[in-house]
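The structure follows.
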Amino acid sequence: GGGNGGAGQASPGSAGGGKGSVTLVIGAYSVAKDALQEIMPEFREEWKQKTGQDVKFQESYDASGTQARAIAGGFEADVAVLSMEGDIDKVEKAGLIKNDWRSGPDGGMITRSIVVMGTRAGNPLGIRDFDDLTKPGVKVLYPNPDTSGGAQWDINAIYGAGLKESEDKTGAKDPAAAKTFLAAVHRNVESMDKSGRASMAAFEYGVGDVIVTYENELLARIAQGVKYDVVTPSRTILIENPAAVVDVNADKHGVRAAADAFVAFLHGEKAQEIFAKQGFRPIAADVAAEWQSKFPQPKELFDIGYLGGWDEVRSTLYSSRGVWYQVQAGR
Amino acid sequence: MTNMLQNRWWSWGFRSAILLYFILLIVFPIIGIYGQSLTNGWAALVDNLTEPIAWKSVLLTAKLALFATIINILIGTMAGWVLIRYRFPGRSLLNSMVDLPFALPTAVVGLMMLLLLGPRSEVGHWADSLGFTILFHEPAIVVAMVFVTFPFVIRAVQPLLEEMDASEEEAAYTLGASRAKTFFRVILPAMVPGIMSGAMLAFSRALAEFGAVVLVAGNIPGRTLVASVYIYGQIESDNPAGAAAVSVLLLTFSFLVLWLVSYVQSRRTGR
Amino acid sequence: MKALWITLTFIVFALLLGIPVVRIAGGAWDDGWSGFAAGLSRPEAVHALMMTGLIVVIVTAVNALFGVMLALYLVRAKWLGTQLKRIMNSIVDLPFAVSPVIGGLMIVLLLGPDTALGSLLNKAGVPIVYALPGMVIATLFVTFPLIVREVMPVLQEIGDQQEEAAHLLGAYAWTTFWRVTWPSIRWSVVYGVVLTVARTLGEFGAVLVVSGNIINKTQTATTLVYEDVENFNLTAANAVALVLAACSIGLLLFMEWAKSRKAS
Amino acid sequence: MHVEVRGLNKKFGDFQAVRDVEFAIGKGQLIGLLGPSGGGKTSILRMLAGLEKPDSGDILFHGRRVNDLPPQERGIGFVFQNYALFKHMTVADNIAFGLQVKKWPKPKIKERIAELVELTGLAGFEKRFPHQLSGGQRQRVAFARALAPEPQLLLLDEPFAAIDAKIRHELRSWLREMIDRLGITSIFVTHDQDEAIEVADEIMIISKGKVEQKGTPWEIYKNPQTPFVASFIGESTVIEDIASLKGFEAAASWPGTKGLIRPEYIEVGKENEFILLSATEAGRVSHVHFRGSEWLVEVQVGEIKLVTYRSLEKKVLQPGEEVRVLVHRAYLFNDNDNWVMENKLKEDPLPVHI
Amino acid sequence: MHVEVRGLNKKFGDFQAVRDVEFAIGKGQLIGLLGPSGGGKTSILRMLAGLEKPDSGDILFHGRRVNDLPPQERGIGFVFQNYALFKHMTVADNIAFGLQVKKWPKPKIKERIAELVELTGLAGFEKRFPHQLSGGQRQRVAFARALAPEPQLLLLDEPFAAIDAKIRHELRSWLREMIDRLGITSIFVTHDQDEAIEVADEIMIISKGKVEQKGTPWEIYKNPQTPFVASFIGESTVIEDIASLKGFEAAASWPGTKGLIRPEYIEVGKENEFILLSATEAGRVSHVHFRGSEWLVEVQVGEIKLVTYRSLEKKVLQPGEEVRVLVHRAYLFNDNDNWVMENKLKEDPLPVHI
């Protein structure tokens, strides 16, 4: 029905378990939509068998940061599925997540991916690595890190690759060289769209030669029949996407059990398979092993820890006068 | 007497209702934005505004919005005129299409422009061969702005033309004025309030348009980043004060322009 | 000369409106009728369209009433000083100068569950943000100037003598309005309403922020389209967009028909 | 400009507003259009100006058919009945408009505006907008605007209706003077018969879309060709039983004939004021009104009520007073014919003037 | 309704349109407002109606101050100078409006419309819209609309300006009759002096925002209180050197005094037409015009040009003819004073009327 009533208000009497139905409100980032929508029916079935209760989902998909802010600002999601821990942190900071979500299985992460490059079929420009993005005349697409969580991963990857390269050459991390590298790539950027998806769309309609994006995004497009080449750079970053129960909301709606179960389910085999099919690198060890061959390993894969963790990245890269700002302002 | 009292109460009630609505719905959120811009104090506001990326985006937006508005004034006046004064097959279809740009979701609009102006389109090719790119450059932004503000001038001009008294026009003819002259000296000035009304709306809307622009603008700071996208970025990167600061700049600018226009107009017609 | 102008108008319309619409229509039919039907018959599409319809009705009604009244006051009222009128006049347009995103954000910040007013209303069972009321408010804010701006110039053009005549014949504000003023401003109100409807159909930014975009709950047609576009579900996006476009065109064709019927 | 109109017809829907109108006007003439409201005067002017397309008929200026000429090219000045001022222009701009169109040099335009503003008594109002003017002031602007470019043909639709007698008089003489000087042909509509009679070279009476009569004021007064004209021009009383009046007994030989008597056909007074007492009737004053510069006297003669004027210089008559009434003449008409009949008993030694 | 106005002032911007206007009008009176265009007549009516707020001053109806009463509650009928018809309503709907507002029963409204439509000669036009009417027809609709609800106070701003003499006459008499029957108080603006004099109980002369004089037509004519009124009312010639005329030599004792002579103060004729030849001047006819029901004769007496009328019944004078001129009286005025002076040589046995 209509639009009355507050968001996330579960149907009454759902707390008890056993009978009736329960409504789970999911606030997720857009990229996860296809996978989640495949997973939900599976969970519904399982839950029904287990408790005899019907689970209904109310889903909202938006850019990760937007979603985080919406939840922090009062959107009563029971489960948050976001593209990076920083966004879950936002929700936590708003006092909505009380448990230590990182201590869960897989450190709270449900999927992995890496930042890769996509080119037109046949890789006409012969792009092999991030270095090639600095060549004059190469038109590069990545989204705007101000608005897109994905873009932050992309920038992190390029910046980190620069850092790694300097470390490989000189033995020490040279932030200045990394910054120069990032700036050189940035000069070739044709457009910074507001989200990874928008960037992908632009690429799909003929804009640019190379897109820097999540591996799973590219794989999903290729699975749809679009012809791209995936170029895995020699040095790139490992992406980890978290999911967490928003305690305050789940308790308020009395759907704690289902919410916990759902998050657990996301870590489970069935869900991980589905994620993998959608192009995510599974996090569960057994599934990961099974899919190992499907996902090429970059020469040097680093994680956010290499850059000092999200807090450090936010303060050095994305602060108001940080590296990213200086790159844009051309300083 | 009860009748009179009733009337007084009614009119008083209406007045308060309107004013209240106006204040609550319009003035309040706007004041809210001003307040928001000051959450971190004046210094922060000044900082946010002197930020080159910020003011460059505002300048760019104002410039392009002005362009778009001028284009819309021209084609809007023409289309409004043609749709009201001439009878020709297809007229009502055209008239019904006027509001399309509003009804179409901006996401689709942006996408269409991407398709129509992009490198794979005829237009894109043609522009490329002439040595400039439309997409992700200023022309695309202007086209997007023109598109999303297209109905304003037309719709503001039309009812005016319908209500206009024919005799002024006739008087001009008898004084020897050609149709063109009559249009420019007699009819157009009468249309000016409508054109202005429409143009102001178009200008404001163009200043703030996001959805359609963001897909085709390129959003490169200092070059193709428009204010609304900058604002969006600031919000997304958890700097609502910075977003509000730029908004405040646009709002103040807009307000001043609007005030000036209404002042000049009232001076010009003595009303 | 006349032919030239008509041709030019056709060209402008074809370039600016015709081609995109054809493209959209073509896109909606990419997978033939079934794709189009599937795009529209999804439960979330049906729900989103209903949601949009509901908002259109409420917003149009409220803004038509208040917009016309405010236009009347801004043009005629003597109890508002000239200066005050001029300032209000300039404020009327400001919602347009506010980026819809920040407009929506303001509503979240002012009426969200964390604010005094918001929590009060929430307790009373009327949640504003991430629910219909907030979406309506956001849309009201965003579309507010349309009707006011349509009506004001016409009120100025027709002058106040007919209204004075009605007053002297004993007609109070209400009668005067309905019997004398309304027939003259009718078409401007209609155009304003059509614009409002169209804008409401197409409104995205502000609604996205205040709605939370919950599928089958607060998702509107436009936010659905946005999501479909994001997910490369272009056929469905085009199908919904086409419905919105058709609504807008249909509304105006209906108005034209009503008008011509009245004229004959 | 020589103006000729042939077989002009105009219908609005089913309503025939103008019906077979024909006339010719010589260059430099000033023609007064008189006629009841709704008679078709404005419609005729609008067709002359090219603002309305005739259903049939020709309009010729200088012998050239101009039916298909747009108004711009007809060289016309038009004062609209409802002024049709340019609302968004000042008085000065309104007047200047036609001159600017004709590309007059700026200083000459300024001069002309100054002259017309002075003439129309609008000095000091140049910067005002029409909505800041009084009704008469607006009309004067319309007048000045139409005259400014000194058009070849002037069409004035009640140009003085809202203006007081004094200014009207001045404008009228100035108009007359300008017309004579420049040889402008003019047609003006008026409801003021005195005005028409005073300034027009010829008068055209229009009623129900038809030209009832065209001629000099004196001709029309002296020899109205239809009863309508006779009763429309001047004041008059229609008397059913005219044969009952002394001196008009002969009228009885035309059955169905009525008489029309104007105030100036009648003299009232005490017995000593008349030489030809035998031609007078006995009457009784029923009313005396002051009428500006005369007394209006109503007298009852038998069954008949007659109206006449009496000089303020003469002895004031009192209601109820017995007086003598001399009816000099009457205008007789029946369904087929109409003619003037002098009082047969009057042996006035002077020749008959009327 | 008894109407009283005290110290009324109105400025438009810097322009003082109405200045200290004071007057009182008894119930059932019909007052004619006369005055030059732009004098402030419309402004006064608008303030009475409540359409314009006076800057200062009081308006009292029946002794009650109504300044703050909205127009709806003043019970006024108003005929606008430019009609202000409801564009979107037919003639019938326009007339019915006031009645519907007053919730008259339908059949009565219909009846009233029929009556007014008949009266104003608009039968057959009930279904027309204003833009399909001629100027005069529109004005008649405005008139009918204002009168339909039989208001207590009628304000008519040149209600007959666009209407021909005949209909005007009828409407006028009907108005007079209705006013008398219902005791309606009325104020009407007119530029037609004859009209004002004919129907008004009292006349108020307004000039430059001030009331120059208020009184019965006869009072104003006989005893104009300012030179402005004297020259505004009726026709007149102002003579600088009045003392040079026979019989007015005494005027020389007030230096700076001018004379104002009306046509009806003067008689012209051949010698045999005068009894008191000694009081006449010698003159020469310079022009003779036909003026509807009289001849207008211009005579030159020495340096002075005088204008007078001559009956059509008398012998026609020819331009250039030598005639005798008798000036019965003159209205003398200087900066301080004004008075009427009779011709000292005239030994008219009759008492002086004027």
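Letters A, B, C, D and E name the chains as they come in the text, with residue numbers starting at 1 for each one.
One rule holds for everything that comes next: contacts are C-beta pairs under 8 Å (C-beta built on N, C-alpha and C of every residue); 3 or more make two chains touch, one makes a residue touch a chain.
If you want to know which protein each chain is, UniProt gives these names: B = Molybdenum transport system permease; C = Sulfate ABC transporter permease subunit; D, E = Carnitine transport ATP-binding protein OpuCA.
It should be emphasised that the depicted structure is a prediction, and the values quoted were computed from it without experimental measurement.
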Using the contact definition stated above, find the chains touching both chain A and chain D. B
Going by the contact definition above, tell me which chain pair has the most C-beta pairs touching. B-C
For chain B paired with chain C, centre-to-centre distance based on mean C-alpha positions, whole Å: 15
On a C-alpha centroid basis, what's the spacing between chain B and chain D, in Å? 56
Chain A and chain E have mean C-alpha positions lying a whole-number Å distance apart equal to 90
Separation of the C-alpha centres, chain D versus chain E, in whole Å, is 20
Would you pick out the residues of chain E that each touch at least 2 other chains? 70, 72, 82
Pull out every residue in chain C that's touching 2 or more other chains. 172, 184, 229-230
Where does chain B touch two or more other chains at once, residue-wise? 7, 111, 115, 179, 190, 232, 235, 271
Under the definition above, what is the set of chain D residues touching chain E in their complex? 12, 34-39, 41-43, 81-82, 121, 132-137, 139-140, 157-158, 161-168, 191-194, 197-198, 217-218, 221, 231-232, 234-235, 262-264, 267, 289-294, 296, 311-313, 315-316, 328, 350, 353-354
The answer for chain C against chain B in the complex is residues 1-2, 5-6, 8-10, 12-13, 16-21, 23-24, 66, 69-70, 73, 77, 79, 82, 86-103, 105-107, 109-110, 137, 140-141, 144-146, 149-150, 152-154, 156-158, 172-174, 184-185, 187-188, 191-192, 194-195, 197-199, 201-202, 204-205, 221-222, 225-226, 229-230, 234, 237-238, 240-241, 244-245, 247-253, 256
What residues on chain A touch chain C, complex-wise? 2-7, 25, 27, 30, 33-34, 58-62, 66, 70, 73-76, 195, 197-198, 200-201, 204, 221, 224
Going by the contact rule set out above, which residues of chain C touch chain E in the complex? 78, 161-162, 164-172, 175, 179-180, 183-184
Contact footprint of chain D on chain B as seen in their complex: 165, 167-168, 170-179, 181, 185-186, 189-190, 192, 268-271
